[in-house]
Amino acid sequence: MGLREVLTPFTVWKRVFDEPVTIKDPIGRPGADRYRGFHQNDMDKCIGCGTCETICQNAAIDMVPIEGVEPEKGDSGLRPQIDYGRCCWCALCVDVCMTGSLTMSNEYTWVDTDPDKFRFIPGIDGDWKDDVAGYEREGQRVLSGVERIHMEEMEPEARICNFDEIVAGYTREEAVLEADRCVECGLCVATCPAHMSIPDYIAAVRDQDYDRGLQLLYETNPFSEVCGRVCTHKCESSCAALHEGDPIAIRWLKRHIIDEVPFDRRIELIGQPVEPNGRKVAIIGAGPAGLTAAFDLARAGTSVVVYEALEHAGGMMRYGIPEYRLPYDALDRDIGVIQAMGVEIKTSCRVGRDVMMEDLQRENDAVVLAIGLHMGRSTRVPGTDGPGVEKAVDLLRRITDGEEVPVPEQLVVIGGGNVAMDIARSMARLQKAKYGEVGITLTALEDIDHFLADPEEVVESREEGVEIFDARGPQEVMRDASGAVTGLRTWRVKSIFDAEGRFAPAYDESDERVHAGTMVIEAIGQAADTSLLGEALTEALEWNRGRIRIDDAFRTSEPWLFAAGDAVKGPDVITAVADGHRVARTVMEEFSARQVMQ
Amino acid sequence: MFSFKPDRSQYPAAGEDGKLEIDLETGKYLKLWQGPNHPGITGNMSVELTVCGDEVVKGTTHVGYLHRGFEKLMERRTFIQVFPIVCRVCVPEPDFNEYCYAAAVEDLAGIEVPEYADWMRTLILEMGRFNSYMMFLGGIGGALGLGITGQWMTYLRDIMLDRFEELTGARIYHMFILPGGVRGHLPEGFEGRMEEVLDTAERYLADIDRVMFSNSVFKTRTQGVGYIDPALFEPYGVTGPNARAGGVAKDLRKDSPYLVYDQLDFDVVTHTDSDIWARSNVRRQDVQVSIDLIRQILRKMPKTGPAMAKIPNVLHWKIPRGETYIRGECSRGEYGYYLVSDGSGYPRRINVRGPSYTHAMALLEHMIPGTNISDVAALMVSLHTYPPEIER
Amino acid sequence: MTEASKERLSGKATVREIFDVATEFERVAHRFYSELIPNVSKNIRWLVEELAEEELEHVELFSNLGKNPEVESVMAAEIARPVADSKFSDCVHTPDLGANPDDQAVLQYALMRESAAMDQYTELAESAPEGPLKEAFVFLANEETKHKAELEKIYYEIVHSGGV
Amino acid sequence: MRDIHARLKQRHHLGQFERQRPGLAFFTVPREYLRGLLLDLRDKEGFSHLVLLTAVDWMEEGLFQLTYMLNNRAEDVTFGIRVMLDRDEAEGDSIHDLWPTAETYQRELKEMFGINFPGSPRIDDEFILEGWTDLPPYRRDFDSLAYSQQTYAERPGRVTHDPREHMKQKLYPDGV
C-alpha cells in the first residue's frame, strides 16, 4: 500500500464544484409519456363489459352505474370505479380493455385528506381526465383473441349445384379456440330475445362439457339446431369483442354444442316432463313460437296439441328457409325433442277447415295462436296481375314440398331481405340444374348498406351469381303483346328513409331501367292470414293497426286466446322462441290464477 | 498497516460434542442485533450476533420481516394475474421475476416468443442488473463509512430509472415482460438518451475507482476479510459474483445462454481472492460488462417486429399440466422460477429460487463466527442479498 | 263532353265553383270512408277509421268557411282553374274497391286521393285572393302533403316490411 | 441426459423420464432410494449443485411432492427429482449432511408445509413466521383469503355490479 492509495481518493473533491443533480421541485415533474399514472376512461367508448374488473388481481375495480348512462344494446351502462387503495398500476385493465376506452394518464401525484376520494371513476373524476400523455397499450389488444376462427363453408361452385348445407360447422379444436376468445362479459344476453345464457354455454364449449352446454341451451331455446344455423344472431352485434376485432361466433358455437350431442342423449339430458296437471292447450301453428310454447307447456305437465295446416311441422323454418341454410333433418331433430316431451302435432290440419276455432275454444283450457306470416305481399304495380309474377313465400313453400316450380332462364326478384335472398338463391340452384347457368336479377328499394338481409346472405348470393341492383323502386312489370312477362321497370331510389328512419322512398324518374326476365318474384313483405279466426272472433278481438292486439304477456282481448310469433310481433326465429316462452308462462300463470279463483 | 489475527484457541468454548457453549450468564458474551432496521443496504433482515469482546462467535439470520406470502398469493391468481405480483419479490432487480415467470409459463404452454421480445427482455435485464450493482456499490461503500458512493450510485440508478420509466411506464416495478413477449417497443430516441446515461455512469464509475478501489482504507478493510473457501461453493449453493470472486467462472449467460446472450460478445468477470474485496471488484467490473452489453443490444436488436406472441385469451388461460424450471444469471447469482401446473387456470405451485436464500442463510451463518463486529455489515453487504427472495 | 267539363277547361273558375267542388270532395271522401268501415275486416278497420276522421275535419273546416262573411264576399271572384282540377274533381266519384277490400287496396286509393288533393290545394293556395280562404287553402295544402307522406310510410311499412 | 437416467434407473428404481426441454428433465424416485440417488448424482455424475428443494401439495391425492432440483453445471443439465410423501404422515429424509444449505430448505418446509425432516438442524426453529398456530400456510387447505378476511377489516362502501345481471334488472327484470 503506497501513498497513492491514500491520496487518490481525494481527487474526487473536484466534484465539489459540480451542479447538484437533484431535482429542485420534484412535485411538478411530469411522468414519462408511457407512465402508468391515474386512469382515464373514454365514457362514450366504454361499454361497461367489466373485463377490467375481471382481470384485476387486486380486486381494485368495481363496476358501478353512472347517472346519465343507461344500459342499452351492447353497453351495460356500468363504468369502472377504481380503488386506489388497492390498485398496483399494472395496467392489465388497460391492456385487456375490449374497446380501448380505458387508458392511463402520466399524472401521479394526488393528495387528499379524505381516503374515500381515492375510490374514483375515471372519465368523470380527476383533473387528468383529458391529458394526452400516459400509458396506452401499444396496438390492438393481445390478451384476448381478435380474429374469429374461420368457418369452413362450401365454395360457390360446389354449392350452387345442389341444396346441400353450406356451412360445415366447427370441429372441436376450432370451437374451443373460438370459445376461448369470449371474455364472458354477458352483454350479449340482454340483446338475445330469448336471453340465452351465452357466456355459460360458450364456457361449456371451452370445457368440452357438451352435456352441460346442451342443458344450458335447452333452458332458453328448444331450437338450437335451427338457431345454431339461421339465427339473426343479434347477440353478435352487441359482443364486446367486435370493438377491436370480430365478434365471437356465438351462433356457430351454439350449433357446435348441438352437433356434439346425439339426439337420444339430448332427451336423456333434458329429462321427462313433470306429472300431468290436467290442463289442455291447443296451439295453432307449428312454427318456432308455437312449438316453443308447446315444449314449455308440455314440460310443465300440460297436454298440448299443435295444429298445423301444412304437411309438416316447422312453419317458416321449414317452408321459408331453404335447405342449404337449414337442412330438414336438423329441424326434425329439434321438433323430435319437442315431440318426445309428449307434444302432439296434427299436421295437414287447417283450423277453420279441418277443425273449428269454436271447438278448440270449447275443448281446451287455452288456445295459443302462432300462425306466422304466410301470405306474400305484392307491390301491385301495373302488370303484377297475371301469370309470370310469383310471390317468394309461395314459391319457397312449393320448393320445400317438392313441387315442380317454373324455372325460367332469366328472372327478376324484388326485395332486399333474407326472403328475397332465399328465393333468389333457391331459384339459382334450380336454374343451374336446368340450364347450367344462373340468370337472376335482384332489385331492392334499399341501398346495399341498408339491406335487411344478413350481410353474409348478400355476399353469398353474389358469389352464386345473383346480380343485385340496389336502390331500385319497381314501377311496372313489363309484358309483351301476348301478355308474357318480359321484365321489370324500375326507378332509382334517391332516398329511402325520412328523418325518423321510416320508409319514405323518393324516386329519380329520369333514372329508369328495365331488368329483363320472363318471371318476376315479389319478396317484399308478408301478412298473416287471419281468416281462420272467422268473422265473429275477428269482430270480437281487439286489433292494433292490423295485428291482433296483445298485452305485454301475449294475452289477446279474449281471455282464452293468446297469440305469439311473427303474426303479432316478429321478425325472426329467436324472437318467436322468446315469445313462445313468454306466452307459455302467461298461460301457466293464467292457470294458476284460475286455480285460485276456483 | 493493520492486521487482525484473532486467537480462536481460547473461545468460544466448545463442549465435548463440538457444540459451542455460550452462556450469557457468564457476562463473557453479549447478544447484539444487527437489523432489521439498520441503515445498510441488505434490507429488512437481521442477524442475531453473539459477541465476545468485539469478535462475533455466532450469527443467526432472522428473516420474515417482509413476508407477504407471494408464492401462496400466486396460487390464488390466474396465470395472467400472477404477472403483476412477481416483480414485487425483489425491489432492486425485479425484472428477473418477470422474465423467469414469463419464460416458465411460455415453456409449459409451448409459446414461441418473438425475436424482438427476446432482445427487449435482455435489454431490460441488463438495465436491471446495472441498477442492482448501483445499489451494491453504494451499499458496500456505506457499510465501510464511504457515504459519497451511495449518493453517486443513487443518482446513477435514478437516471437509469428514468430510462426504465420511459420504456416501461414505471420506475420500480416495471411490469413490462408479459408471458408471450413484452408490452411495447423502444420509444423514439431511446438509444441516444441511454447513451447519455451510460456515459455519465462511466464517468462516475471512474471516480468510484478512485475513491473506493484506489482507497487504502477500503482495501484494508476488505482484503482478506470475509473469505469464502471455494470448496464451500457447492455445498452452500453459492452462485453468481460470490462464486466468481472465488475463481469459479460460472455465469449462466455464458454457460447456458438464454434470451439472446449467445449473440452477444462479453467476458465472464472473475477474481481469485474470494474475499469482500474480490466480490466488490467482480461487481465493479460486471457493471462495465452490463454497460457494454446495453450498448451492444441497442446496436444489434431489430428495429421493428412484433413484441408479443399470439397467446390464448388470458381470462381463462389454462396451462397444460407439467412442471418446469427457468433460471437466469441475476446480479446476485442464479435466479429461478419453479412452476408446477395442474392443468387448471391457476398455478399449482410457484417456487422462487433467489440466490439470497442460500447466501444470507446457511452461508452467512457459517461465515460469521470469528469476524470482527465492525466487519459484519460489510460482510453482509458483500454477499449482496435481498431478503424478500428468502421469505417470498 | 259535359257542360261542366267544358267549363273546367276554360281556364277560369269562380271561387264559388272551386269552393263547392272542394267541399264536395271532402264530403264525399268522408262518406266513402265512413261507409267503407263496416265493409272491411276488423283488422284493417283502424286504417279506414283514421282516414274518415281526417276527412271529417276537412268537411268541418269548409262548412265553417262557408259561413264566414269574408269568404262569402269573394265567392264571385274569378281565379285560375288549377291544373290538377280535373283529377281532383274525378275523385268526387268514388271507386268500387270490391266487397271486402284489403289494407293495401284502401291505402292505394287513399294515396291517389291525397296526391290529387295536395296538388289542387297547393295551386289554390297560390292563386286564391288574400283572406281566410287563402289561409284555409294554405293550411289544407300542408295538411294533405303531410297526410300523403304519412300514408306512404304506412304503405311501405305494411307492404314492404317483414321481408326479413 | 437420458443415458444418465438409464444408467441409474435400475439401481434407484427411477420413475419415467420426463424431458421438459433440452437440459431439464423430471422423474420420480421412491423415498428410500433418494439418498443413494443423490449421492450417485452428486459424486459420480457431477450434479453437485442443489438448485432448490421445495414441496408441492397434491392435496386431492393425499400426497406431498418434494422436488430436489439438481444441476450439473459443466454439462448444463438439471434434474428435478420428485419424492412423493404421504400427506398425512409428512416426513422426509434430511440431506443437510450432503448439502448444508438444505437445512434452510428443510426448515422452511417444516414451517410452511408441515413436512418434518428428523435430524435436520434447527428444524423446529421459526424461520419466517412468528407465533404461528394455524395450519402450515403453504398447504393447499390453508385458505389465505379467509385468513385475511378474518384478520383484516375491509374498508366499507364498495359495491360492484355484474354487467349481465345489471342489464337484466334494468332492461328485462322479469326475465323476458
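Note that the chains are named A, B, C and D in the order they appear, and that numbering of residues resets to 1 at the start of each chain.
Just so it is clear, a residue touches a chain if its C-beta (ideal position, glycine included) is under 8 Å from a C-beta of that chain, and two chains touch if they have at least 3 such contacts.
If you're wondering where the values come from, they're calculated on a predicted model, not measured in any experiment.
S.K.: Is the number of contacting C-beta pairs greater for A-B or for A-C?
M.R.: Taking the two pairs in turn, the one with more contacts turns out to be A-B.
S.K.: Determine the centre-to-centre distance between chain A and chain B, using the mean Cα coordinates as centres, and give it in whole Å.
M.R.: Centre separation, chain A to chain B: 56 Å.
S.K.: If you average the Cα atoms of chain B and of chain C to get two centres, how far apart are those centres in Å?
M.R.: Roughly 95 Å separates the two chain centres.
S.K.: Taking the mean of the CA coordinates per chain, how far is chain C from chain D in Å?
M.R.: Computed value for the inter-centroid distance: 92 Å.
S.K.: What is the distance in Å between the mean C-alpha positions of chain A and chain C?
M.R.: Distance between chain centres, rounded to whole Å: 45 Å.
S.K.: Once you've mapped the touching chain pairs, tell me: line, ring, star, complete or other?
M.R.: Basically it's none of the tidy shapes, so other.
S.K.: Go ahead and list every pair of chains that touch.
M.R.: Between chains, contact exists in these pairs: A-B, A-C, A-D, B-D.
S.K.: Of all residues in chain C, which touch chain A in the complex?
M.R.: Going through chain C, the ones touching chain A are 41-47, 103-104, 108, 149, 152-153, 156-164.
S.K.: Please name which positions on chain B make contact with chain D in the complex.
M.R.: 63-64, 67, 69, 71-73, 75-76, 107, 234-237, 239, 250, 255-256, 322-325, 327, 334, 336, 338, 340, 348-349, 351, 353, 357-358, 361-363, 366, 390-391
S.K.: Write out the stretch or stretches of chain B touching chain A in their complex.
M.R.: The touching residues are 1, 77-78, 80-85, 148, 155, 162, 165-170, 173, 175, 180, 183-185, 187, 207, 210-212, 214-216, 219-220, 307-308, 310-316.
S.K.: Which positions of chain A touch chain D when the two form their complex?
M.R.: Listed in rising order, the residues are 48-50, 53, 61-65, 70-71, 76-78, 83, 85, 115-116, 119, 185-187, 189-190, 195, 199, 578, 581-582, 585.
S.K.: Quick one: in the complex, what on chain D touches chain B?
M.R.: Spelled out, the residues of chain D in touch with chain B are 20-21, 23-24, 26, 48-52, 54-57, 67, 69, 73, 76, 78, 80, 99-101, 103-104, 126-130, 137-138, 140, 142, 144-145.
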